[in-house]
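Let me give you the structure first, and then I'll get to my questions.
Chains: A, B, C and D, in written order; residue numbering restarts at 1 for each.
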Amino acid sequence: MRPRFVDADEAVTSVEPDSTLGVGGMQLTAAPMALVRALVRRRTRIGRLVTSPSASLQADLPIAAGLVDELVSPYVGFEHLGLAPAFRRAVEGGSLRVLEIDEGSLTHALHAGASGIPFVPCPPGIDLTDIPRVDPTLFRRVVDPFDGTERWAVPAIRPDTVFVAAAVADEHGNVAFDRFPFTDRTMALAARRLLVEVEEVVPAGSLADRPPGTTLPAFLVDAIVVAPGGCLPTEYPGRYGRDDETLRAYLAAAKTGDPDAVAPFLEEARR
Amino acid sequence: MRPRFVDADEAVTSVEPDSTLGVGGMQLTAAPMALVRALVRRRTRIGRLVTSPSASLQADLPIAAGLVDELVSPYVGFEHLGLAPAFRRAVEGGSLRVLEIDEGSLTHALHAGASGIPFVPCPPGIDLTDIPRVDPTLFRRVVDPFDGTERWAVPAIRPDTVFVAAAVADEHGNVAFDRFPFTDRTMALAARRLLVEVEEVVPAGSLADRPPGTTLPAFLVDAIVVAPGGCLPTEYPGRYGRDDETLRAYLAAAKTGDPDAVAPFLEEARR
Amino acid sequence: MTRWTTTELMACVIARDLVDGEVVVMGAVPALPMAACLLARATHAPNLDFIVGGSGTVSPAPDRLPASSCTGELAPAEVTLPLPDVVSLEGRGDAFDVFCAGGLQIDAHGNCNLVAVGDWERPKLRGPGTVGLPFLPNTKRSIIYTQSHTPRTFVERVDFVSGPGHPSGPDEARPYRKQGPSLVVTPLASFDFDETGRMRLRTVHPGVTVDEVLAATGFEPAPGPDPSTTPEPTEEELAILRDLDRDGVLRR
Amino acid sequence: MTRWTTTELMACVIARDLVDGEVVVMGAVPALPMAACLLARATHAPNLDFIVGGSGTVSPAPDRLPASSCTGELAPAEVTLPLPDVVSLEGRGDAFDVFCAGGLQIDAHGNCNLVAVGDWERPKLRGPGTVGLPFLPNTKRSIIYTQSHTPRTFVERVDFVSGPGHPSGPDEARPYRKQGPSLVVTPLASFDFDETGRMRLRTVHPGVTVDEVLAATGFEPAPGPDPSTTPEPTEEELAILRDLDRDGVLRR
């Protein structure tokens, strides 16, 4: 079926409280902030938040609002701007449970979720770290039936809902990314329900020449939110740059630890 | 390191006799025939031939020449033109060992090979077929460490050498596909040595605007063969169509079972 | 001589079975199922989507029906999925509604065999291979079609299950599920399945008798209501099909 | 005041260590390793390739050094890999030569910790997370760099191994391999590793004493040849760096 075109506030009403939410966007780019802000405004509790291999505001803001119980993320930070204040505070204070994971295991777990594969043995490397040893939820030992060796394995991840930001949707609801799909397409393919925010709508047929791997067909998308500038203060490549001033203001507000201090960042960004 | 630009006959000298060869191209499209023909002319024995989910002449021709010991392929045929004569004859006559596999298991096994993942549990479906039961080489039972159930699993596949056809290479040896990369990129990423035939060479920098997923960086490519029309008589999308007349002539020749009858098809195709 | 060919009739039977909003997947030699999908879109199912095999193209509308599933003639489509994504989603199990499939052998419970007739080790007939048919149970239902309806292709039990149908009886480990083959279309007739998952004659094509169908079928279909006659293609259906099929692929 | 900043010197140290034809991967905050790679390409390693983190861009030459690893400023590059492919190839283990990494803590055997200082359950300092550092052993070698050289960052043993270095002794299950960290660059000095995999002082930067380095290091480096002074950036190196670094990111 084809997706519905709705506004962000309506789109997020479909997110079940305490369910698993996947949020796309990598580092300071393409965070689906229009959807994240709407969800935080609604104060929907997130049972488990799954991010891209590297997240920033799309993870720290819901954590700052006190809405996240568990986090599956290989990185929450703001690159050159510094550490993630709410994430740090919540983990150091013991109010956020982290299911430690790395970029490889997460990416393969999402791919497995998209593919009906129940679990994936990990590539080499993770076995030499402490990551798989601290919690058995995401890492268990499996015996390779071909060579008899023991390996670490991760379970498939299929978020109940996924938010990603894309460049455009056509009138039928097919979606296209502009330049870097990151792991957002993989996460989208693993979603049980997929909500996409886009910068603009283009006529049906416009995406015909987009190469494979840069689009998502309409039948995989549940709802589309047209939100120009919706990723701000993060960047959308080729559309608008990162707003470091707003990001710095957020970091200062979040460092105070006062949930009300981050309230201004729940309003829609302005370009 | 960057790839060498060589001709097909020189490129295939690097293929070890009795090793595992992966050949790209899907159905009647993008078969890397310039490389396959050169290898068959050299009469290099192929220990194990791994194909895309659906192969045609790139599998049937080396089998017709009597050069293949084992085959890993979910499909060898010629679509509307009929069954694959040499493949049929060799299997029915017992001279070719088939390691039965399906599209899903093969694609995931190649992805695992590209990723350092030792094996992959299969998605549902295969367990209801006879495919995993006829040979334990590619299918074994594994216990899911997260839910305790038993599943079929396939080992990673990393061909010693892979042949794929692409549209263009730039002067540095970066490679781009035109429209459908099929599973050729996955197979290329799983290769220990990667040989690519291309239609033409373009200046360095020309591939800068190609979207992710449509290219391969030079450092993954060992050698590039410039072979305009090299996929003929199969199609290269957007460059030239399929040559059904030559394909029918091949099928008639291969049906005779006389290896000499297919000799004309070892010569370079003419556009 | 009829106004239409058997293949055109088959396309109509499949098209009429498709429901608006469904997502259909198909494999090699896609002309017939593509014609059915495009016909359905042009009539009662404008929001039907379909994916043409290895190309990964979603709902392409080419100038003519293609002979191959991976031809560049399928571009442009609405969008195109990379083939590995199509494979992933076939495994995911809730992405596609209908799988169009066939087989060298098709059995009473809708199992398909594209691998080997006779003993697998040394087959009498080696088929091309199973491609994506193991994923059949992962769609809501499958539609089986074949151009060959003989006692050798329609058998009680396939020699090798490469595309799973319904379980063959209550003793079988896997339980009967609603998912599975729902329609079989041949040059002679169309079938559905009863509540035990056994094939049942639904309609016979115009000019074909029930006895002819039964004589061509190597097993006894499940009892059911008296089969009706397959409705002929309408003028509208034929006009649409022939506009799609400029090369006459369906008229050979 | 020197003609150059410490960060510019660090870029030169890394650049000189890179070998023509190598393929380098890097992660977040890529300005320094990118500067090193671009400098190496402009001098002795024209065929060096590098991949900028999450962007998947291969050997981009942007107008200025980017602050973020995923910015559109990195396009166009020679080609761009999808991020999942970069992840796959990091696991494959024979695709990349050099991994540039850092850590909140770095230990005597080159283990890196980006996860937690103190107890993991209730850390004193929670780091951002490990991203791709578990893949460090899958490249031929790794280069560790940090802007913070103190006894708290340079420790005998990290509190949490998130990026594997060399094994910490002969008793450890994993054997010593040539693969692993080969160079550590800080604002004070550069280190390599002895044949047991323990960090060894190689050069001290101009104006820094060996005693200052040892006082800033929370473990005793392995004995080795007397450290030399890190060669200053040449005029050519500085000119290239400043042409790359129009925003002066390396000069802050």
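Going forward, a contact is a pair of C-beta atoms (placed from the backbone, for glycine too) under 8 Å apart; a residue touches a chain by one contact, two chains touch by 3 or more.
Computed from a prediction, not measured in an experiment: that's the story for all the values here.
Pairs A-C and A-D differ in how many C-beta pairs touch across them, and the larger number is found at A-D.
Ranked by distance of CA centroids from chain B, the top chain is D.
A separation of 39 Å divides the Cα centre of chain A from that of chain C.
One finds 57 Å separating the Cα centroids of chain C and chain D. With centres defined as mean CA coordinates, chain B is found 36 Å away from chain A. Averaged C-alpha coordinates put the centre of chain A at 28 Å from the centre of chain D. Residues of chain C found to touch two or more other chains are 56, 75, 80, 82-83, 87, 90-93, 138.
Residue positions of chain A touching 2 or more other chains: 108, 111, 115-117, 123-124, 179-181, 185, 210-213. Contact between chains, per the stated criterion, is found for A-B, A-C, A-D, B-C, B-D. Residue ranges of chain B in contact with chain D, taken from their complex: 1-2, 111, 113-117, 170, 172, 174, 176, 185, 189, 192, 204-205, 207-213, 215-220.
Against chain A, the residues of chain C that register as touching in their complex are 21, 23, 47, 49, 56, 58, 75-83, 85, 87-95, 138. Note for the complex: chain B touches chain A at residues 104, 108, 111, 115-124, 140-147, 149, 151, 153, 155, 179-181, 210-214.
Touching chain C in their complex are the following residues of chain B: 26-30, 52-54, 73-77, 79-80, 83-84, 87-88, 91-92, 94, 100, 102-104, 107-108, 111, 123-126, 128-131, 134, 179-183, 185-186, 213, 235-238, 241-242, 244.
Per the touch definition, chain D reaches chain A in the complex via residues 27-29, 31, 53-56, 67-72, 75, 80, 82-84, 87, 90-93, 114-116, 120-138, 160-164, 174.
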